[in-house]
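Across the two complexes that follow, subunit A remains constant while its partner is subunit B and subsequently subunit C.
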Partner chain A sequence: MDVTVGTVVSSGGRARAARRRATTFGLALVAPAFCLMVLLVLLPMLRSLLGTIFPEGSAGPTTSGYSKFFADPRSVQNLVYTIEVTGTTLAILLGIGLVLSLYLRFSQSRFTGAIQIIALFPLFVPGIIISFALIRFIGPTGNVATFLRLIGITQYQTPYLHPSGAMLGLIWENIPLTVMLLSAGLAQVSNSSIEAARDVGSGWARILVRIILPQLTRSIIVVVGLNFLGVFGSFTVPYILGPAAPQMMSIFMQNTFSELQEAGTSEVQAAVTFFVCLIAGLIYTIAVFRDAAGSGTAR
Partner chain B sequence: MPIELSRRLFLQSAAAAAATLPLLSTRVSAAGDTVIDIVSDGDTNITDWWTNTLAPMFEKANPGLKLNVVITRANGGNDTVAQRVVAAFQTKSDPKVDFFEEFDPRRVPGSAESGAFETIDATKIPNLSLVNPAGLETKFIVPYRASQVLLAYNSDKVAAADVPKTWADLVAWIKKNPGQFIYCRPDKGGSGGNFVVRAVHEANGRDPSLFTADNYSDDLAKKLLTPGWSVLKDLQPSLYDNGAYPAGNNPTLQLFADGAVSMISAWSDMALQGISLGTLPASTKLTQLQDLPFAGGFAWSAIPTQAAHKDAAFKLANFMLSPEVQARMIADFGAFPAVKWDSLSADLAAKYKSVASTSMPSFPGGKWSAALNDGWYSNVATQVTRS
Partner chain C sequence: MTRRRSRFSDDLAGLVLLAALVVFVLGPLLGVLIWAFAEVWRPPAVLPTSWGFKYWGMLLSRADIQKALPVSLSISSIVTLLSAIICWPAAYAFARIEFPGRRWLLLSFIAVNAFPRFPLYVSIAVVFLSLGLIGTYTAVVLVQLVFTLLFMIWIPSAAFRGIDPRMEEAARDVGASHLTVLLRITLPQAAPALGAALLLTFVNTFYDVDGALLVGIPDIQTLPIIMLSLITGQVIVQYGAVLSVLLWVPSLVLLVFARRLFEGRAFAAGFGA
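After this line comes the complex of A and B, so read on.
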């Protein structure tokens, strides 16, 4: 923005120099962070990825690690399970998050403050505590079972140690981030546009689909992207609340690495996990950048 | 005058800061005490005992030595610390750890052979001569306590006549009472691990001597472990929630304490402590199988070669094996001694006769237990074969 103004008021040569100076200064500012990322994240990651193609003691490049992974039913089962848990968790999370943030944005009720506090509360509780608290709450003789028994329902099937238990924990844990991001998106929806739509006779459903959701697309993509990465890599909650098998990839990797001490195999597992997350990451990055380019906040 | 005042203020606050500094830092203690840095990833019963009972006992008996017990339960526990010890050994630097409360160097590849952990013998730790020879699996470890897995049952729900005495009895009871028994995932807790071991023993003529610390091979493992998987697979439909295996010793005890199941496999020490603290119901009773007891295991300590306070660490290891401390562990948290029962008082041996079975079969660590745990996931929990 400043640069454009500059070109108008000053002569071409000086403006170019100023622009170059600004660019250099900007690069100098981000250089330390960028170097740190290259040194501590990108290089080790690249080394790891190359290690899966050039395993120790092999003459040339080989994909044997990957073909072994996809030929092993247990590895594939764990990968599919991780994707399923992540997908289901995201869908439910998005549903709950949307309802909560829409309520918080548009409700005039006195309870919004309290509900906001409750929605953000999980942010301050570590995963391991959530897990043990949920065992007490949803376990076979927990509070839910006791309550249902009181009102005469005795066929309660506990989700504890089932995939649904892991999902429940993950949903609870990730509600705050979802609500915060969606609320931030909703804050940009102007009241006047909604009032205008209402004036010409739109109902709530129409306002939601035509006015609110289109303006919320970016937030939804951000929510899905960030939560995908978080849930896909989660460890503690699915480890304590979920079933013994199938396992989430994180638990599977940890077992292969420290129990079986097969560093190469766990590296392949990590690489596969990374590629799945990369897809989510790419979609997220493209969406954010395209959106940003469209609205002119990035060049 | 204002200058004078601010200078005085400065001196005062500097003095105050200097006085509070030692209080803030745990490593600094009075008059040049040697601080032994200990890492422990044991369950709370163990770490509590180290911090609240052992540390004062040891410090009283050894003036000038202090214990700093660091709990490393989360994120890989002592394995992660040991990896750093191996790295520190390679760069010849101080690993900042003097004593591993429980660690078997076989768990970190290369750490045993590399020399990162001290070779232990009776010249360094005199009381090592009292130790039960079964606990000395490698020369890098000091066994300091033991515990054995047994059955815990709710005597309100299990009639005295139905209490299993043999493996066959146990299987019959589990099938007759579907959903009332559970053991935990073998890699997450030894109470489940040694239940799996017992099934493998059962499938191999109840002969624990088939599995030794140095006879592991993939073929032998396949031959000996596979029959065990069918024993366990056969049980699965009759277990709690059709085989919903909890993620550790404590979650299993929790299911039992909440009344969701009536019988579990449990560590002797945790069960005894649970009963005495009241975290397990008063109707809890313990029993051991008579045909072949459940396996037990030793807790092994290890000392890094580069430890800054190695001599103090030897002193601590020796202290741990003294009959006085061994008796204290039995009384305080139901541990079994690492030393031979005959080096303790006869009264004590008699008192714990009911739970201390005559023999304590063991199952080797290292590759054997890795194959056991991974095989269980592949064959029992998932019911798909890992290629």
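After this line comes the complex of A and C, so read on.
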């Protein structure tokens, strides 16, 4: 093999050409999906945000759409109600999720397999079916009422068409994701660190607060962020199980858009929702991005 | 002695958790299953007084159901197919090709998770309204495509990455073309994951209510939309129950064929866990 300056240069050139080809090829393969995302996610959202500030026919920027929203007691009530439902649901979900995932991680009992299967089962039941099922279950003449009557309790207050009905449905739907994400986080907590703490005499509560929860922070942030977005933007479950008024923002928007046919107003409602969710979205994205940059999990 | 006692409390706690889950998660579903086969069930009674398939025949002969089934199946199929055509090349590129901006592009797809669903649908619907697309097939297909992007890129990409590149190199060394390698080595190896992604996308799309309701009505009525009107109309309980059981079939298929997908870490990783 005779190595001359000429071949070295040309092989370097070839490598560069190959790299350029890979770049073009890679970008070309990604382009359709990326364009679709820009067209269906980014542009409509930006258009909504700008369109509510620069409505058609107005000379300059105006916040009149937003001041109308916040001057209308019904709109504000719906927004507050949505935040309340989301907050309460999140707190309960996190509690249930932590209990289940901690048990699944540390228990040696023979029930863990069954618990895991049933906890993930709601993944395989669409919202529309569980909403209907919960009407029959918790409704005024449902199975729970029948059972309570059997044991002599007749004063049953149904949560159906009350905020608690919507929350029950939302909790039901989101248990699997919560348990999955928390379990994934708990899997990374090492047994040795816990055993070391136990060897020096730490009790369970201390181990939980001092060793497990600090390592679980990122999972909890992801869970809270995703569930916040999921619950805040939910439609079917609260539409069927919740009260007619106040309404979750999604139902409010659907009403405004489809029934009242006020596209502009519904867009302001959507924009307000975007802004509230922006915080949760940012926290979630930063949690994911930072980790991806650090350890490369989200490759 | 203490070991045996802690073993006992471990089992006891498990039993309590399991019982609570069974009642809360499975209880409502069991009720629906019973309703679907009940001909007469007046509330205070613990069980139906008469059983049968009467309402199955009545529901299946309804014109709106007969019309909605092909609509639902065709829309879900088109969305799934389009999603695969658009997303799989991207999934392959993310897994196999080094190009500048690769990480940021991939993370931009994950960031779609960071948008609340329904308000995004409203934004899209307002655009569609100005384009005159409301109430058309196209509108429903496009809206439903949005949230298929992530999984159709994520799951196949993980599968492509899982294939040993040396196998592809070996095939290329003995003279196979890129296309042959793709068709004979890469795709067959990734097939189970690709199948799971297809199934997951189809099922998720099939059950979509939010998008179809916002941009599809009044002209496009999918099965879940009919179900919604049956529920809010409160006509006959059994209609909703029978339709629930029928509607659940795609999920059952997913449960049987793709359950492993959810048990591994890959699915949770798609959300950044």
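Here is the rule we go by: the second predicted complex is superposed on the first by the 249 of 299 C-alpha atoms of A that agree within 3 Å, B and C clash if a C-alpha of one lies under 4 Å from a C-alpha of the other, contacts with A are read in each partner's own complex, and residues count from 1 in each chain.
In the analysis below, contacts are C-beta pairs under 8 Å (C-beta built on N, C-alpha and C of every residue); 3 or more make two chains touch, one makes a residue touch a chain.
As the structure is a prediction and not an experimental result, all values here were calculated from the model.
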item	value
Fit-or-clash call for subunit B and subunit C when the two complexes are aligned on subunit A	clash
Partner chain in contact with A:Leu260 - subunit B first, subunit C second, else both or neither	first
Partner chain in contact with A:Tyr160 - subunit B first, subunit C second, else both or neither	first
Contacts of A:Ile240 with subunit B and subunit C, given as first, second, both or neither	both
Partner chain in contact with A:Met180 - subunit B first, subunit C second, else both or neither	second
First (subunit B), second (subunit C), both or neither touched by A:Phe274	second
Comparison of subunit B and subunit C by subunit A residues contacted	C
When the two complexes are fitted on chain A, the stretch of subunit C hitting subunit B, from 73-81, 109-117 or 127-135	127-135
Set intersection of subunit A contacts, subunit C complex versus subunit B complex	128, 135, 141-142, 239-240, 254, 258, 263
Interface residues, subunit A side, partner subunit C - complex	22-23, 25-27, 29-30, 32-34, 36-37, 40-41, 43-45, 47-48, 51, 99-100, 103, 107-112, 114-115, 118-138, 141-143, 145-146, 149-150, 172, 175-177, 180-181, 183-185, 187, 219, 222, 225-226, 229-230, 232-236, 239-240, 249-250, 253-254, 257-258, 263, 266-267, 269-271, 273-274, 277, 280-282, 284-285, 287-289, 291-292, 297-299
In the complex with subunit B, residue positions of subunit A that touch it	68, 71-75, 77, 128, 135, 139-142, 158, 160-162, 239-240, 243-247, 254-255, 258-261, 263
In the complex, subunit B residues that touch subunit A	74, 76, 79, 107, 109, 185, 187, 241, 243-247, 251, 254-255, 258-260, 370, 373-374, 377-378, 381-382, 384-387
Subunit C - residues contacting subunit A, complex	7, 10-11, 13-15, 17-18, 21-22, 24-29, 31-32, 35, 43-46, 85-87, 89-90, 92-94, 97-103, 105-120, 122-127, 129, 142-143, 145-146, 149, 153, 161, 207, 209-210, 213-214, 217, 224, 227-228, 231-232, 237, 240-241, 244, 247-248, 251-252, 254-255, 262-263, 265, 267-269, 271-273
